[in-house]
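Consider the two complexes below, in which subunit A is the common component and subunit B and subunit C are the respective partners.
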Partner chain A sequence: MNWGVDRVTVAFGDTIALDEVSVELDRGEIAVVVGGDGAGKTTLCRTIVGLEQVTSGETSRPSRTCFQPETSGVWADLTVVENLEFVAGGYGLDTAHTRSRIDELLEVTGLRSASDRLGRQLSGGMRQKLGVAMAVLSEPDLLVLDEPTTGLDPVSRLELWSFINRSALEGRGVLISTTYVDEAERADTVVALDEGRVLATGSVESIVQSMPGRLFTADEKKGLTSWHRGHAWRVWSPDGAEVPNATETQPDLADVVTVAAIDREVGQ
Partner chain B sequence: MIDAAGLTKRFDDVVAVDELSFTVGPGEIVGLLGANGAGKTTAMKMTLGLLTPTSGRVAIDGLAIRDVDRRVMGYVPQGLGLYGDLTVAENVAFVASAFGVSPPSLDEDGLGAIANRRIDEISLGLRRRVAFLVARCHEPSVLILDEPTSGVGPLGRARLWETIHETAAGGAAVLVSTHHMDEAEECDRVVLMASGRAVMTGAVNEIVARFTTVAIASDLTDTQLRGLRDAGGTVLVGHPGWRIIGVDIAEVCDVLGTPEGVVATPSSFEEAFVALAT
Partner chain C sequence: MLAMIRKEFKQVTRDRRTLAMLIIMPVVLLLVFGYAASFDVDEIPAVVVGPDAVEAAERLPDLFAVESIHVEETGADAESALVAGDAHVAVVADSAAPTILIDGSELFMAQAALQATTAMQAQVPGLSSEVLFNPELDTSAVLVPGLAGLIIVFVGTLVTSMSVVREREAGTMEQLAVMPFKPKDVFVGKIAPYFLIASIDIVIVLLIGTLLFDVPFNGPVFPLALGALMFLFVALGLGVLISSISENQAQAIQLALMTVLPQVMLSGIIFPLSSMAPGVRWIGYLLPLTYFNEVAKGVMVRGAGLGDLLVPIGLLVALGSVIFGLAIVRFAGQLTPARAKVPA
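Take a look at the complex of A and B:
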């Protein structure tokens, strides 16, 4: 295993928060953990960075690992620059290096014009970008970001992803959790979680190719294995049988993750 | 139906919404999209009659908003507006009695099994379903939803959208505020807002299809990066390569001095949004 978790189970009392979950990534790679509320995303992030005790399984991370929690970790009463300087002080970075690194991060995050603004005065997008900048300040090998794009508008989300891609380009492994499948399309590795269990995992291509049965598009709902998407219905045929009055369609990642959730729901 | 015409709202010197016009017909789902601070919330509050426009008007089914019986409207705010210390059944019964209607069947909506659970004990996905049921219990002809599926997994999101489409199919006009492609593509039309104004209206797929983003596979020098920005482009780091928005491929090739590794690709939803909003 490179970095990540291997068949990890985490329990809180009687509740299994993660059930035999694996995810692996290396330098320069982006892994995305996708799932809804209560899927286990935060527990997985916290487990990878060593904040949760595992019941079973293995974890691996480099010594230089940084974590940005969902709340962004920005101090409301410090300015943008003070937040960065405070974190740099915590890492014991030398003054000259800190100054040039902060200067560089203000530039690439577009936060220079807001450098004297207090944390509480920042927009959601600015706050998240500052949170990620604080996390990469010490130049970690692995960066773990818990739902950094939640609540962000499309412009801020794109800017944040550009910054995340830059971090991977610089050779960092980046693991991000999100509730949105379209963000997972950008990843080298995807893990879709539901109630602590893996719905689908692998590269986007391998997940899409692994879908059992066939997928169709129809004008009306056709039973429990259909769902609304866009302006039509998707119909999953688990055994690959033809669906009347429907057109076969190539699934994408969102389709396959939904199929996996339906498969679990119907099987329960 | 909702008919908003020339809506403007000023807060002192700040124009939050500027001459915004849109309609949502019966059975139609319209998305309101915009960056944070673009004026979506102000526009929704004016549509709900909670904020008086500086100028312009909102009419519901032909009636000025101040004369509209609020019972024709259903609203699901981002915070959902449920009582955390009441059970699911108590929340539904309370709101139904406020509207003077019988509580809807929880079993029909698949919520029977959690009828006696407190709201703050159930998952966000279930809370959203309860909020939807509460907002629709009086069969409103206008339904307004603020980020309706935020935080919900893919299947939960699909099931919530089934409910929204069913409500629209029953004749309601549905206005949705959203940030995400997953939700925007469910709408019949979207109104893209920037700096308080509507910058484009249409089906999301049609809007996205109008834009291309130039992808560059090779590394860029500082001079090339500066050149692309000076040409008016938004330069983003891809995974891998670079993505350039707002500059056509010929101009990109001019700046780079070569067409090698440069291709025009379909824009993502976010990229089209950036092209429009910046």
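Take a look at the complex of A and C:
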């Protein structure tokens, strides 16, 4: 294993928050953990950075690991620059390097005009960008970002992703949790979680190819294995049998994750 | 409107810890404070010195609880016993000029002792009395040293408890946990501003007390500074401890108030400890403000030195070690990340 978790189980009393979950990533790779509310994304992020005790399994991270919590991790009573300076001080960066690094990050994130604004005066998007900037400031080997794009408008999401991609290109391992399946399409590795268990894992292509059965698009609902998508219905045929009055469709990641969830539900 | 009321009731009942505090604590506080709220003095610790000490001790009214009799000692020794706080009344039993020395730093005891002495003067010819340290029995001279302690409690416990919880509520505690800080770095960094603010507050309160309210400052500064330092550590430790067991700022404030109120009522600042029911008095003996009040009053009013105040300062150190130690352990437990394999 490079960095990540290997067959990790995390329990809070009788509740299993993560059940034998594995994620692995290396320098320059982006791993996206996707799932709905309560899927275990935050627990997984916290486990990787060492904030949760594991019941079983192994975790591994480089000594220079930085984390952005779900709440953005920005100090509300400090200005943008003061937040960055505090983090730089915490990581022991020298003054000259800190100044140039903060300058660079303010430019890249577009936060220069807000540099004197308090954390609590920032918009949601600006706060998340500052949170990510604080996490990358010390040039860590591994960056763990817990739902950095949740609640952001599409433009802010794009800007944030461009910043995240840049971090990976600089050689950082980046693990991001998100509720948006479309964001997972950008990843080298995807882990789809549901109720603490892995629904699907691997590259986007391998996950899509691994879908059992066939997928169709129809105008109406056809049984328990169909769901609404866009203006039509997707119908999953687990045994690959033809579905009447439906057109076979090439699945994408969102379809495969939904199929995995249905498969699990039906299996239970 | 009904929907609004229903929603508020649901929210109130959901936070069970707060609800329990809101219902149970007033009952507990009323019972405790009810037994504590008394200005009646039934007993005053006394020493009797001088050649006729034994006979004099026998003739003293029941109000004076004779702690020790020293035939060979003089009035100066008796005064030293009052300075050290060993007794609050000293009877100098000299047939030529019998004198009762009264500790003016204990207001209600001094008033009761004066009344008893006046009654005795009819039976003991030539008996004189003298109120030491605070001859006018000035209330501010007795209250201001305790107020300095209350301010330390307010800043040290109440404000500190909120500051740490706020960090956790904002999610920034996780940031600190992942950053390469040691728990002690965060702990010291967290309390440092409040330590400085409380220290400045004490100086301001004491300056205003002495300059504006003519509170005496009869003793050396060092024992008071040492006592204040120790007390500050207890108060700050208590603040961090409270925040480590509170889920939100509201709980932290309520818990902090639960520790502040007993200190106001049971530390001897308002009601004399000796006037309280024995069970309640013991609570007072467990409170740090009781000992800071002894140190502050001892130094400022009675002019006590370090040697006279070793017991209260020692008890503050002991309380500080326990509370500060617990706070550090709990704080470090919340801050230290779970162990993970970190490749070289």
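The criterion applied here is as follows: the second predicted complex is superposed on the first by the 268 of 268 C-alpha atoms of A that agree within 3 Å, B and C clash if a C-alpha of one lies under 4 Å from a C-alpha of the other, contacts with A are read in each partner's own complex, and residues count from 1 in each chain.
Please note the rule applied: contacts are C-beta pairs under 8 Å (C-beta built on N, C-alpha and C of every residue); 3 or more make two chains touch, one makes a residue touch a chain.
Keep in mind the model is a prediction, meaning the values are calculated, not measured.
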item: Subunit C versus subunit B, contacts on subunit A by residue; value: B
item: First, second, both or neither for A:S156, with subunit B first and subunit C second; value: first
item: Touching partner for A:W227 - first (subunit B), second (subunit C), both, neither; value: first
item: Touching partner for A:R61 - first (subunit B), second (subunit C), both, neither; value: second
item: First, second, both or neither for A:P244, with subunit B first and subunit C second; value: neither
item: Partner chain in contact with A:R166 - subunit B first, subunit C second, else both or neither; value: first
item: Which superposed partner A:W75 touches (first subunit B, second subunit C, both, neither); value: second
item: First (subunit B), second (subunit C), both or neither touched by A:G90; value: second
item: Partner chain in contact with A:G50 - subunit B first, subunit C second, else both or neither; value: second
item: Footprint overlap on subunit A, comparing subunit B with subunit C; value: none
item: List of subunit C residues in touch with subunit A within their complex; value: 170-172, 174-181, 337-343
item: Partner subunit C, residues of subunit A touching it in the complex; value: 3, 46-54, 58-63, 65-67, 69-76, 87, 90-92, 134
item: Subunit A-facing residues of subunit B, complex; value: 33-38, 123-125, 150-159, 161-162, 165, 179-182, 185-186, 188, 205, 236-240, 243, 269-271, 273-274, 277-278
item: Touch list for subunit A against partner subunit B, complex; value: 30, 34-39, 123-125, 150-159, 161-163, 165-166, 168-169, 179-182, 186, 192, 194, 221, 227-231, 254, 257-258, 261-262, 265
